[in-house]
Each structure stands twice: as structure tokens, then as C-alpha cells.
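Letters A, B, C and D mark the chains as written, and numbering starts fresh at 1 in each.
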Amino acid sequence: MLRLIVIFFMLGLHLNAEDCVDCHKKEAQKCQSSNHYTLSNAINITRKAWGIKDSNVTLQTIPHSKIDVKKPSDLVDDFLRRKCLKCHLNVKNSGERGMKRQRGCLACHSKHSKKGRCQTKKIAMSKCLSCHNKEFVGTDYKGLFPKDYSHSFRTPLQKDGKYPSQRYGIDFHHLNQDIHYKLGMSCVDCHNNKNGKNWKKNITCKDCHKELSKSNHKEYHSNISCSACHSSWNMSSYELSVFRDDTADYAKWKDLTLQEDAYLNKFLKKALKSKKKIKPVMPDWVDMKQKKGVWYSGWRYRRWEDMVLGVDMNGTIKILRPIFQYRVSYRDANGSMVLDDVSSVDGKPLEAWAPYSPHTITKKAKSCERCHNTEIKKGGVYSLKIPKVIYNGKALSKTQTDRLKSYKYKKIRAKMLN
Amino acid sequence: MNLEKPIAKPSSPDQCMSCHSSTTNMDKSHPIEVFGCFKCHGGNRYATNKKDAHRGVVLNPSRLEYANRFCGECHSDVVKRVSSSMMQSQNGILNVLKFQWGELSTPIGLEGVVELKDKNSTSLAESHFRKACASCHVNQHEDVFDDKKYARGGGCVDCHRIEKGHQEKNHYVHSKLSSKIPSKNCLKCHNRSNRIGISYFGKFESEGYGTPYKHGEFSHKLDGSRFYYELPADIHHTKAGLDCIDCHTEKGVMGDGKKNHHMEDAEDIKCNDCHKPKFKKADSLAVMLSDLNGNIPETKSIAYTNKKNSPIYNLQKDKNSTKFYRKRDGKAFDMSNMSNKPYHTLDIHKRLDCTSCHSSWVPSCYGCHEVYFENGKQFDWVKREVTKGSWQEFRSFLRFESPSLGVGYNKKIMPFAPGCQVIGTLFKDKKVEKFHAMAMAGWDPHTTQKEVRSCEDCHFNPASLGLGRGNLDIKNNRIFFEPFYNSKKSGMPFSYPIDGFVSSDGKQFQTTSRKDARSFNKKELQKIVGAYKCILCHDRYSDKIYKDFNKSKILFNSGKTVCLD
Amino acid sequence: MSKYVAWVTQALFIISLLSGLIVVFVYYPSNAYDSVQKLSFITPFGLFFRELHYFSSEIFIFSILVHILIELSKKEIKINFKSWIYSIFALLVALVLMFTGFVLKADQSANAAAEVAFSLLKDTPFLDKFLPLVRDNFVFYWKFFVWHGLFLPLIIEYAILKHVRKLSVNISYFTIALGVTLLVSLFLNLPRDIGLDEKVLHVKGPWFFWGAENMLQAGLSVLGINVVIILPFLLLIGMYKSNTKLLKILLLLWVIIYAYFSV
Amino acid sequence: MLNKKRRKFLNLLPYTLVGGFSYPVVKFFLFNDKPEIKMLIPLKELKEGITYIEKSKIFIYKNSQNIDIYNAHCTHMGCILNFNKDTKQFNCPCHKSRFDIDGTRLRGPAKRDLDKIAFKIKNKTLQVG
């Protein structure tokens, strides 16, 4: 009964981050240095990819883009502010299905239940996924792989003949789910502060799975990450063309209103329907002001079965993924192409590959062939699968690639199959 | 009362030239000064006033309903053949569609477009055929296409017209017809379904992003709203720039007068017609065709197709060389014959069609969600009017890598791809009905490369084996496969993975487009995957274990040969 | 009055004959339609002579009818029986000439008319023996051509000679006839030729057959048609020195009925 | 008086009629629809060998001794011939007739040699027709 009264009491109040800080000073301090608060990881990797050399800014210090644009790096902050940083702690979300959450501490620490809303210590997975969706680790845990943008992929139709409603502003293919998810575990079961660990640091599999049974874990694959073998699929999204258009040219996007961006979907639908000319504007999600120009985007292609291996900072072999291979276009309000499909600056491609751990873990590891037989054909878009710029890691060395095809491997593998 | 008529000093046998004096010649074989206009267009050749002269004129005499009267006066044999050819009747498409949708028990039987003309059918497959497939046949009316850029049809001119008639400054350029048909004419139609036309040029119809954006617009456009990305093109294109007609013979394309059921019955050319040619004396048709071409020398010894014995008059044998001439411009290439290396002669791969190794990729469009709105309205390409009921097409995902393999229509192993995986939703008056007709089809994807797929790509890649994308492993000679795709959760009305042709224990999930075509069965799967352990080390065809692989296996199993220490 | 009409009629016949003599030079039975078209559209003054030939013949028939009308309105037929028969025969031949001329223009309606004539002949007892006189499997128009261009003119000339006993070419009647023909052709056009490839729903024969055509369509048998066609000639023959009043009324009745069906 | 005038007129009438009709009749009978080629070509513009004149569809064959002009249409069905420089022959694209460079028929289905077209040379100019 007391609990209920407290809940109702809480409902009446509109909690702000400041209210929490009054009591939870320590936690608040910790939070301010966390990546969730600064988003420096995502910001700096993109800025570097777009040609800013020593980038070290945070959500709080990210500058505005220059008005006089000459190269992609002059636009990267605008791109980040309006296209990427939709999911920081203080953002007012767009209210799409799956993306409803509050701001500040309550962005994570609140819970919707039948009884109402309350703050909670145990963070629901839905809260995490409201940001960690699309191409990123998060929704892959539930086996979700985003569908392509074009309306021709929006299936199956609902009973009234309308397009299916999307979660996080996108449609998904359903692939294999992570075994931890199948067993009922949520994000915070692993990513937590327990065991005296700072949750900013990555938790490793070995923290739980201390006993490694089989011989090949130790004998052959000592310096490989668990997820490289035990992930069933991974996200490879090749070549992202982004285009900021300051002119009101919407007609060609009629089949591509869905661009994993709920605001853009709504905006384009309105603009295509309206007889009046609607100004091309899009919000800056950091200072929450509407600014001129609309950012459009489109992939070359995306795969879940492809794998590119690399080595991370610690020398562990991991799966690499492109985040992303950019091609940048910018048309100003006069209609002149300031940047026309720029894919490299000074010979350096605008791309960033990074090692990552797909959250699509299965008990049974991949067959050896999925790593040992990977051959990348050259020519056409096949060549997009060859990493040119790798962050926080490097490509496999010659000895490592040779080892993939070594006689020793073949012999051992043949024995296993016999 | 008319006294004296105005007479143009005739440069043609018809008076038409007194008005149409500026019209240029169509081609060298039909000069206006000999043929005049009337022979081809009808009307009144002597009248000099517009009304009388144009009475009964046919603008496009090559439409098949007129062709008999005009073109057919000289080319009656061809007109007859084309009228019953598959490109005109589309019986292959209609029958396979009806077969796959469960309306026919075998993929043969119906006549095609002609049969549907005056028929009011309630069949779902026929409705779909009318509203989608039937837009492409030789005798389609060009004028029903809103966008003239993509207009198809018109009878003989559908293929043979290389330049459309148009008015130039001071003269009218008559439509130019030619027997040197440029590939772009073939591509007007052959760019969908199995997409061989675009695959040949290394274009893969993409997910529709139009990326990269060039000059603020979409790039890599195929047509209106379709886009592509570049993949390695067919070697015949990259190396020699061959056009479709360089291989495809006249009989193979325009029909042989027989009633063919499927594309492969009508098709004439095979890889070994050129790469393992048999030379014979040039017959009169061959001489005529090379004369007509003008660029190809007349030689005594030329190749013939094995199937229909049509002359391949551009593959000629001289005393000391074999030359292949490109029909477009007569450029000569040295013909490379199929080698006698072990990979072509060994028994282990004798069931393989050339395409199973040499096709590097196949456009595979998974999950064709067909939606039918009973109350909608859509253009009926057979009746050429808007009728009730409309179809809309959706898809799940596209792939080009590691094409699936299966046993094809010729009982040989060849690449397979979805063709077509229909997941239908029918929005009827008050209720919603569902059906699905999942099928795979095998064909020559026209993405030939000299380099072949690696051994592992066929012997241990689940996608190639037809299992689908996922994780494959074997233990104690049993195949274990865990697919990535969860069809049920993704909203499909079936539980097998959408890219799964066959289960790991040999159960075929999907139908095919032919009676004889099928996926691998359990035995075959085990044989293929079972060979992989040998392939790991013995990765050369020249390896002696392949000379008699069965014997080698027996020897190995009985412990007489040792390979692993 | 009757005399003048008769002379003009004769002059019209001569004009028709002469213009026919001209157009025959470009007429090729084996290439009939084309040669007619060539005549009308290309040959200098070709259409002029064709029109002259056509209209003079048409007016010729009309003036014969007028001539008969005037003569029948008189109380008594003055000529002897032999030339009376010849004159009726001449009328018949004139109509056959008209019909063969219609067929010789060789367009679609001409072909249809020929076919109808063939079937009428074929289905009529006795007359069916004469089918080979007009039908030819090799050059369709050849026999029509011979009849129209040679034998029928000779026959009709002979009949006319028997009828009038003297042939006089009075230049003033000739001028009147020519003038009338030119005047008519100035205001009227030739009925258009229906091209062989044209798609038309309905083709008609020469105007004097319209009534028969419509009667056939209304369900009259072939025998009935033959009776209808022959009846006025029989009536005319019977009129010679008999109870002419009844026959005249019958003929008038026939004309009214036929005219009714013709329209 | 009047009667006399009328008689005079009537006497003149036949002559007027014959006179009036003679023009159309003459025109009618003298009509000739055979096509003609008329052109002038300066001799110095002609090169040795075969020249094809697209406009009037003729081949002009010039060698050291003389000049010949052929109708470019095959004598079989009238297709425009191709001149093969290697074999120095005219090939018909339609029914594989062959003609030698001097216009003689080499093989059928054409039955005649190429039609030669009359021409004159005046003031160093080739006059055809």
C-alpha cells in the first residue's frame, strides 16, 4: 500500500535530472564523465572519418559547422548534430514507437508498467534499445536487422492494407537472436556496476564464462575474441551516401521517405503531400533549433553474413565493421553543388572501420570455414569489403592471413571432419 | 472535277513521295526508290491528296497483325515463326506462373497472350500475368507506355529498329531497321525476372537507394525507379564487348516454328557451340547473313549450333586460326577453345553445367511479396485497358554472392535463385487472404567469368548448397545447419528460412519452375559436403586422388592410403 | 421533245464510247485496281477522262429512262415489234455494260459486286451454264474487260442501230450532251474507290442494284431476285400493243417498290 | 442573220471541240513515269575506284582508262549493294547476289549485270541524265 502511494505521488511530480542530483551526487558525477553523457566516442570517430585530424570534443563542446563549406570536415558537426546525436540523454525524443523515453537520469532509470511510470534501478532493455538500435549493437541482440529504406521492402502489410508500423522508425528482418536474450537476460544483466567494475569499461565474456572447456579455445585461438567465433551474424553496412540539400527538392525521395529517421519520414511525407512549398529544415538535436537544410542518406548495400576480420588495440582478432564508408554531398540554397559526392580528402577515404562485438551470440561457434575461407573478390562493389581505414585496430597481418590457409589448419580441420 | 494532278517526278514507284519527298531510306535492303511506301505501309500509292492517299495506311506495318501482309510478303517464314515464338506468346511465363501458383499441374499447356486476349478469367495467376508480365511481348503496343523511353513492343520493330523515325530540320528520317540488333533493344525487356540482360553488363539491380548521389541526383539508374550497382560483368562483354546477337542465333531468338514450352527449348546456343565448335561448309543462309551484316567475311568453314544446326556465321575457321567476328563492327577475336585440362575432363564434375562454376554471381531477389487489392484498378496489358484489381510488388532482401546450386532443367547442376518466391496477400472486399508459392529457378545468369568459384564456395558454403545463409558444420558425416533468417518472426507464412531451398537432411522446401528441376537431395548434399574434407588439402584438379575419386575413397576408408598423421 | 432526248442519249453514248476508248489505254486487267488508281491520280487528265466516261454513262442510263418514260406516256408505241424488242434488249445491255464497268474499277465494292453476280448466276437454273462467260480464274477482270470493252459495245451499237435505223451525229446534240456531262462532273464527284486493304463494314454495288441487294437482305430468295430483275423487261415487252394501262400501272408499282427498297 | 451566225458557229464547233480536247488527249497519251536521275559531278572530285552517291543511289567506277556509272540497286529485287573493298565485288545484302567491279554478274539470284547509266562529260563535268 505504501508503495502504491509512493508511486502515485511520484507520478504527480515531474522529475528532472536536477531533482535526482540532489541526492545522487556521486552517481551524477560519474555519469558526466561517461560516454553516455559525452558521446565522445561516436562524435570523434565520425569527425576523424570526415577528415578532422585530432578530434576531441564531446556532446557538450561540439562546435557548430562553418557557414562557408569547402570540404566535408566543414560539415561534419552539422551532420553529427542533426543526423546522429538524436539520442543523447537530454534530447526530447521524437515519440516514435519504441523510442519514447524521458530525459536526464530518467532516460534510463524509469519504467513503464501497467500501474504507471516509476524510476527504477533495474533498467529495462527497452530503454537501452530506444537509442541502441539500427546499425548498432543493441537491436541485434534481439535478432533485428534493419530492412532497406525503399518502400518496396515494407512488408508484410497490415490487415487494412497499410504499411507495417515500425519500431525505432524502421522495419526489421528477424534473424537469429542472441542466446542470452533467448535465456531471458537483458542488457543490464551484463552491463552493470556489479563486481566493483565501472560500467564504462566493457564487460568481457570471461567475467562470467570462466571455464573454457574445449581445447581449441586455448590451443589455436588464444588471441581471438569470443564474439568473433560465437556471434552468428554481424552487421556490415557498406558505403553510406549522405547528402545535405538546402533546396526544396523532395519528389525524388518519394519511395525513400523512410531513412531510419523518424523526423525525416514525417517531414518528407508532409512535404510530398503539401501543395505549398515547404522549407527544407531539420532540427539540430543538440540545441533543439530548426536549421535549414535536410540531410538525406542511403546505403550501397548491407549484409548480415559477410565478415571482415581485423585486430583490435590489444591484438585480439575481432570482427570489423564499417562505421561508415561515407560519400558526402552538399547542395546549398542556391542549388549549387558545394560538395558533389566527395568520398575522400587528400587521398584518404572518408571511412572508419572498427572492431566490434556482435551481440548475436550462439552456443555453437561458427564453422571454421566462415573465417578461414573468406575470400574477397575484387571488382565492382565487391571491393567495398576491403577496409582501408581502421580505427582502434588494424588489419590482419600477412602471417595471420597466411595462417588462415595454412597446412596446419587444413590438417586439423580435416581431422575434425573425419 | 479534277483536271491535271500535281505530280512529283517520281523517285519512287509511289506518289507518296510527292509529299514525303524528304524521307530517308530505312536500310539498304528496302530502298524507297525501289520499294516505295505502299509495299510496306499500304494506303493508296497513286493518290496525291492526303485523304485518299492515307486511306488504309498502316503506320507500323510490322505489328504482327499486319506483318503477314507487309513484311511477310517476303519474310513470311520469319513472320510465322515470330508469331508463334515465346517472345510473342509468353507461354513460358504464363505456364510457369500458373504452375507455381498451383493452377496447373505441369508448367506447360497454355498458349500465352493470344489465349488470354478475349478471355475473362478469374484466375489469380492470369490476373497477375495480365497486369505485370504481359507488358513485355513482341507485339505489345508501344503507345500504351506513358514513358516513351521505356516503350516496348510493336512487332518486328520491337527488336529490329535501331533508330526511331523523326523529323529533322529539312528531312524526315525514316525508322532505321537493321539485323544488327543492339543489345539495348534486348534490354528493353530482358532486365527483370532473371535479369540476364543487365547482369551480362555487370549491373545488379540494387535495393533502390540510387547511391552514390551525383550532382545532387540519384545515380546508377536502370529506369524510372530502379537502380543498380556494378559487379564484375560477363567476360564476353568485358573481353570482347559482345552483344546479345553475337551468340544468340536467329532461330534461337525468333523461334523455330515449333511450339516451345520453355526458354531452354527455344534457345539454340550453348557454350560448347563456340568453345568446342564443329565446323562445316557455310550454307546459303550463312552466306546471306554474313552479306547482310556486311562486316563479316564470307568463309567456307563456319560453326553450327549443335541443337538446331543454325549457322554461327561469325565463328569461322581459316587454315591456321579460328576467329570470332563481332557482328556490330566485324572486329575479329581469336577463339579460345575449351581446354582439355582435368577440370573439364574429370568425371567428378561431369554433371556440372558450365554455369555452375563459371557464373560468379546471380541476382537473387528473396521474398517477392505480391499484394492484390481486389477493389484497386490497374492497367491490363493484354486487353490494354484499366480493369479491376491491382497488384503491388514488395521484396525482402537481395543477394548476389554465392549463388545456390541445384539440379536444373537439363538435369545438370546449375545456379539457382528465387524465381519467384511469392508471398501473396489478397485484400478482398471484406477479408484478407494469404497464399505463398515459393519457388527457385535455375538459369544461365550470364555472369560468366574465366575464374571459377573456389572449391569451398560450393562444397562448404550453405548458401551455395541451397541451405540458405547460416552456419554449417558436419559431424560424423551428418550435416548441421543453423540458418540466420527467422521467417516466422519476419512475418512469413512458413518456418523455413526464406533463402533455404532445401533442408540439411535433403527435404526440398520450395518448388522450382520446371518439372525436372530440383534442389540437391540428401545423398547429393552428403556427397558434396563429404568431399570437402578431401578438398581442404587436395585442392587441385590435377591431384591424383581425383582421377578415380570413388576408388580413392574406398582405398582411404579401408586404411590403405594414409593422408592424416 | 422525245426526239431531242433520244438524240442527246445517243450523243451521250458516243461520248462514253470515245472516253472509254481513251481510258482503255492505261487499263490493265491483270493489274486492274492499280491501273485505275494510276489513271485517276497520276496520268495527266486521267481522272478527267475517267469522270467523262463515268458520268456520260450514268447520264446515258438516266436519259434512256427519261426517253422510255416519255415514250410510254404517249398513247401508242409507234415502232414495229422487232425494233421494240431491240430497244428493250438495248436497255438490258446498257445495264449490263454499266455493271461490268462498275466491276472493272476493281476496288473492293467492285469485287463484291462481281462475287454477288457470280453467285446469282450460279444459283439460277439455266443461266449457271453461262458462268464461264464472265468468270476467269487467272485474271479476274479479263473477261469483264473483254465484254465491257469490246462485245457489249458492239452488241449495244447493233441494237441501237436496229432501234433507230439511222445513226446521226448531230454536233449540236453532241455539244449539249458534252456540256451536261461536264456540268454534272463539275458538281459531283466520282464515288470513291474502296481500297483493297481497307476495312469497311459494308460495300454497295451499282445504284440500280441497291433495291435487289436490300431485297436479298430482307430475305428474298435468289429466284425471287431473278424474277424482280426480269419483271420490268417482261412488262415492257408485254406492253407492245396489249392492255397497256394495266401493265403501265404494274410497271409503275414495280418502280415504286424497287425505289422503296433502294433507299 | 442570226440563223447564219448560228450556223457558222455550229460549223466551227467540231473544230473547237477537237481543238479543245487535243491538249488533254496528247498529255494523256504522252505521259511517261520513268524516273530520271539528273546530276552534275566535277571530274576532279572523283577518286579512282568506286564512289557511292547516296543521293541518287549510283556507283561511279573510275579507273585509269574510263568511267562507268552503275545503278546501285541489285538487278534482282533492288536492294542497295555493298561494295566489298577486299574482294572488289558488289555484295547484295538481301539474297547474296554478287557482281564484279565492272558490273558483271558473278552469281545469282540476280540474272542481269548491273544497270549502267548513261552520262556525258562536258567541261570536265560528269553529266548524268
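Here is the rule we go by: a contact is a pair of C-beta atoms (placed from the backbone, for glycine too) under 8 Å apart; a residue touches a chain by one contact, two chains touch by 3 or more.
From a predicted model like this one, the values you see are computed outputs, not experimental measurements.
Chain pair with the most C-beta contact pairs: A-B. Centre-to-centre, using mean CA coordinates, subunit A is 82 Å away from subunit D. Centre-to-centre, using mean CA coordinates, subunit A is 97 Å away from subunit C.
Each chain gets one centre point, the mean of its Cα atoms, and the points for subunit A and subunit B are 41 Å apart. Averaged C-alpha coordinates give centres for subunit C and subunit D that are 43 Å from one another. For subunit D, residues that reach two or more other chains under the stated contact definition are 24, 27, 33. Counting partner chains per residue, subunit B shows two or more touched chains at residues 3-4.
Within subunit A, not a single residue touches two or more of the remaining chains. Taken as a contact graph, the chains fit none of the simple arrangements: neither line, ring, star nor complete graph.
Listed by chain label, the pairs that touch are A-B, B-C, B-D, C-D. Residue ranges on subunit D touching subunit C, taken from their complex, read 10, 13-14, 17, 24-25, 27-29, 31, 33. Put simply, subunit C touches subunit D in their complex at residues 22, 25, 42-46, 48-49, 171-172, 174-175, 178. Those residues of subunit B that touch subunit D in the shared complex are 3-4, 9-12, 25, 28-31, 33-35, 284, 287-288, 291-292, 294, 297.
Listing the residues of subunit A that touch subunit B in their complex gives 143, 147-150, 152-157, 159, 161, 164, 172-177, 232-233, 239, 241, 243, 245, 249, 252, 255-256, 296, 298-301, 304-306, 327, 329, 331, 337, 340-341, 343, 362, 364, 366-367, 369-370, 373, 375, 377, 379-382, 407, 410-411, 413-415, 417-418. The touching residues of subunit D, counted against subunit B in their complex, run 24, 27, 33, 35-36, 57, 73, 77-82, 86, 91-96.
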